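Since the structure comes first, as structure tokens, the remarks are kept for the end.
The letters A, B and C name the chains in turn, as written, and every chain counts its residues from 1.
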Amino acid sequence: MSLQVTDLSVDHGAIRAINKITFRVETGELAAVIGANGSGKTTLLRALSGLNRSAQGSAKWKDFELLHTKPELLVRRGVSHVSEGKSVIPELSVEENLSLGALWRHDRAGSLQMRDKLLEHFPRLAERLKQSADTLSGGERQMLAICRALMSQPELLLLDEPSLGLAPLMVAQIFQNIRDLTTTMGLTVILVEQNAMSALKVADIGIVLNLGSIAASGPAKSLIADPQVRAAYLGY
Amino acid sequence: MYQFINTVLIGITSGAIYSLMAIALVLVWRSTRVVNFAQAGMALLSTYIGYECIQRFHSFWLALFIAMIAGAGIAAAVDSVFMRTLFRRVSHGPIAGVAPIIATLGLLGLIRAGLGLFVGNADVSIRPPVSNIGYTISGHTLAFSPLKLVIVSSAMTLMLALSLLFSKTNIGLSLRASAFSPEIARLAGVKVDRVRTLGWAIAGAAGAAAGILQTPNGTGALSPDSLDFSLLLVFGFIAAVIGGLDSLLGAVLGGLLLGLVLAFVLTYISGSLVFITAFVLLIIVLLVRPQGIIGMNRGRRA
Amino acid sequence: MHKIKSTNFTRLLFFIVLGVGLFLLGNRVDELRVYQGATLAMYVIAISSIILLTGYSGQVSLGHGAMLAIGGYAAALAHEHLGLPIWICFSIAVLAAAAAGAVLGTAAARLSGPYLAGTTLALAVGLPSIANQFPILGGEQGLLFDVGAPPARLGADFTQYKWYFWIAALAALIAIWWLQNILRSRYGRMWRAVRGNEVAAELAGIHIGKSKTLAFTVSSGLAGLAGGVLAMTISTVSPSAFPLSLSFSLLTGAVLAGVSTLSGVIIGALTLVATPEIADAISRRLGNSENVTTNLPGLLVSALLILVVLLVPNGPVEQWRKFRARSLHEVTHR
């Protein structure tokens, strides 16, 4: 029971953004994917969530092939993706963004219950339910985006740079939230991050991408300790 | 004074019809980024179906209902068969940007000529459900009649129903989400392709209603090459542009505004200036306020 | 494959030879064909005006018939009220339509496809009501436009239609020659740059808005000339001479010609001339019922438009060129 990615390659026209990568994430683990700009992190997540359907190789989640499946069907298989940038719909209210994530379940009571549970974790959103999403601050939007994904009650959560544009304090808080969610809800999380150090600190395992290939991977603690990784990706 | 009230009522009546057409155009524009010029043809076809129903079952209301269902079906078929093929085949190249425009225009021509082939080009007339003799208020006979009252209230009811559908239901939420941000909607589990077709279907129903209501509002005559349907399309387009092309509320307001302005021109200046006024209004809005009267400040150039 | 770079002179020579060829041809065919020849020339001008607009500047006009109407009415007015010679009337047709195009183009340049498309469509739909508005335009009847009999020195058996054909063909040759030159000039390069990539063109210092307005103006001027020629061949201008279906036909012709190059323009024009005849033949087969005769031409044109957009969106000429390039490639790489 795990996410098993084998020989995954993704091309953007003539550019090979992901080149034959293989890795494995056990259920319940939080995996941090780090790497420089343009190293293929976003491309990897978009292939896993079905947004990019031109990928080759295989990516199996609990023996179900993720590649070449439409994102709206993958959601029904327990895969939720918070895409790069703030993955909310600014024209809709906070409440509507949340309910959107659970529409496909056709379970109004269950969805309300889930919503209340999430709002306990994120009280700032609770105060702003009727506001339109484009009035939220960057951090609040990111929380909303994550909550929208959680409303689908996923088992595998793909997060693309949730810390983008957030103040350092906020980053720490969001990462702690993600860690808590992973533990309490038993989620498997792939966390793509520029904030390499903070991400590795909360993660179980780390995967370092470089120009579309895996440069290093292993338990997060040992990556932090690895002098080469420190020098190249963690900045000290 | 009576004339003023009368003009306002007449303006609102035809304005409500333009609003319905504008809603149809906006719905398709929002979901597909295409201005569906075939909407006039689809409305024409639905109106003929409605006409057949009136002949058979002698009920205007049943005809309106069936025509709307037919309009929805036609539009759904056009989207899921025709537009989908078009987008698959013509996704790049010098013509990709204009191909949908050209294709919907071709469809308009095809429907008009095809319909003419089957039913002929002679006028038929839609019998109004109630009298078209104007109300009399203290000796003054108004142009506003029970028929106009029926038309304006049907149009308003439909618009109210649509606005409830969009704001209060899950379907409405999916429709709005898919229109504003298809990618995020898909990530949230919305089947955007189906929702898009549904948007077309609702547009088809709204267009059909506009067609059925406008015919008795005008001369009552109906023919495949009728200028009325071309004008309905043009006025619907102008109303939609006034409202910002992206907004349903804008479409309603744009239609009512256009209807009122044209009614005043018709009553107080000259009937032959009606079209020129509408066209000048369009140019002014495009030059001065291309985002429409209530449009958000988003780019209109894409 | 190497391309022969034609100089201005050789191209001019080519057009002169083509012209002489056409004039000789005009003597050898019957009256109907001569008339169709004049119509063909009119379509060539009108279609190339749309190709310029759509293919070279990425804009689309659904109501170019309105521009033809403006040209036609301008020519007729100049002829009737000022008694000007025919070629000055045609020049006035060009100028009037170009002026209208400049106004519309200024609004259009700020807008994207659907807005311009809708606006031009509105113009074409509303044109009759505008024509009826001003008594000087003659209402439903319209105006007469009689360019006069052919000069006596051409001989007694030189028919009126042959005269129309001469004028129309000359106008078409001049228009195409001129258009080719402009497309090869810096304006042509500018339009191509804008069509290729607006952002890059803007960075290279091209004013997008001006470039588009200019394209719309030139295109409208050409359409005005076509309108003048059309009015000449039918001797009148009236709202019914410029129906909405004319705009549709022109668009169909342009799409058939392949909007990205001028080289297919004759295919588009020939198809438009042939369509009514084909429709006629079919409806005669089907027993000439009125429904069929009135609607078949429109049906054919629309069906053609849709089929071409779906099947060969870049036009058959471009498709054929690609096909040949591919097979050549295969041959040389064997």
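Heads up, the rule we're going with is that a residue touches a chain if its C-beta (ideal position, glycine included) is under 8 Å from a C-beta of that chain, and two chains touch if they have at least 3 such contacts.
Bear in mind the structure is a predicted one, so any value in this text is a computation, not a measurement.
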item	value
Identity of the chain that, by mean CA position, is farthest from chain B	A
Most central chain, Cα average position	B
Rounded Å distance, chain A centre to chain C centre (Cα mean)	56
Centroid spacing, where centroids are CA-atom means, of chain A and chain B in whole angstrom	43
Where chain B and chain C are represented by their mean Cα positions, the distance between them in whole Å	32
Contact footprint of chain B on chain C as seen in their complex	54-55, 58-60, 62, 107, 110-115, 117-119, 121-123, 125-126, 128-130, 132-133, 195, 244-245, 248, 251-252, 255, 259-260, 290-292, 294-299, 301-303, 305-306, 309-311, 313-314
Footprint of chain A on chain B - complex, ascending	170, 173-174, 176-177, 180-181, 183-192
Chain C contact footprint on chain B (complex, rising order)	29, 34-35, 37, 85-86, 89-90, 93-99, 101-103, 105-110, 112-114, 116-121, 224, 227, 230-231, 233-234, 237-238, 241, 245, 272-276, 278-279, 282-283, 286-287, 290, 300-302
Residues on chain A engaged by chain B in the complex (per definition of touch)	49, 51, 70-72, 75-76, 80-83, 87-92, 96, 99-101, 103-104, 148-149, 151-152
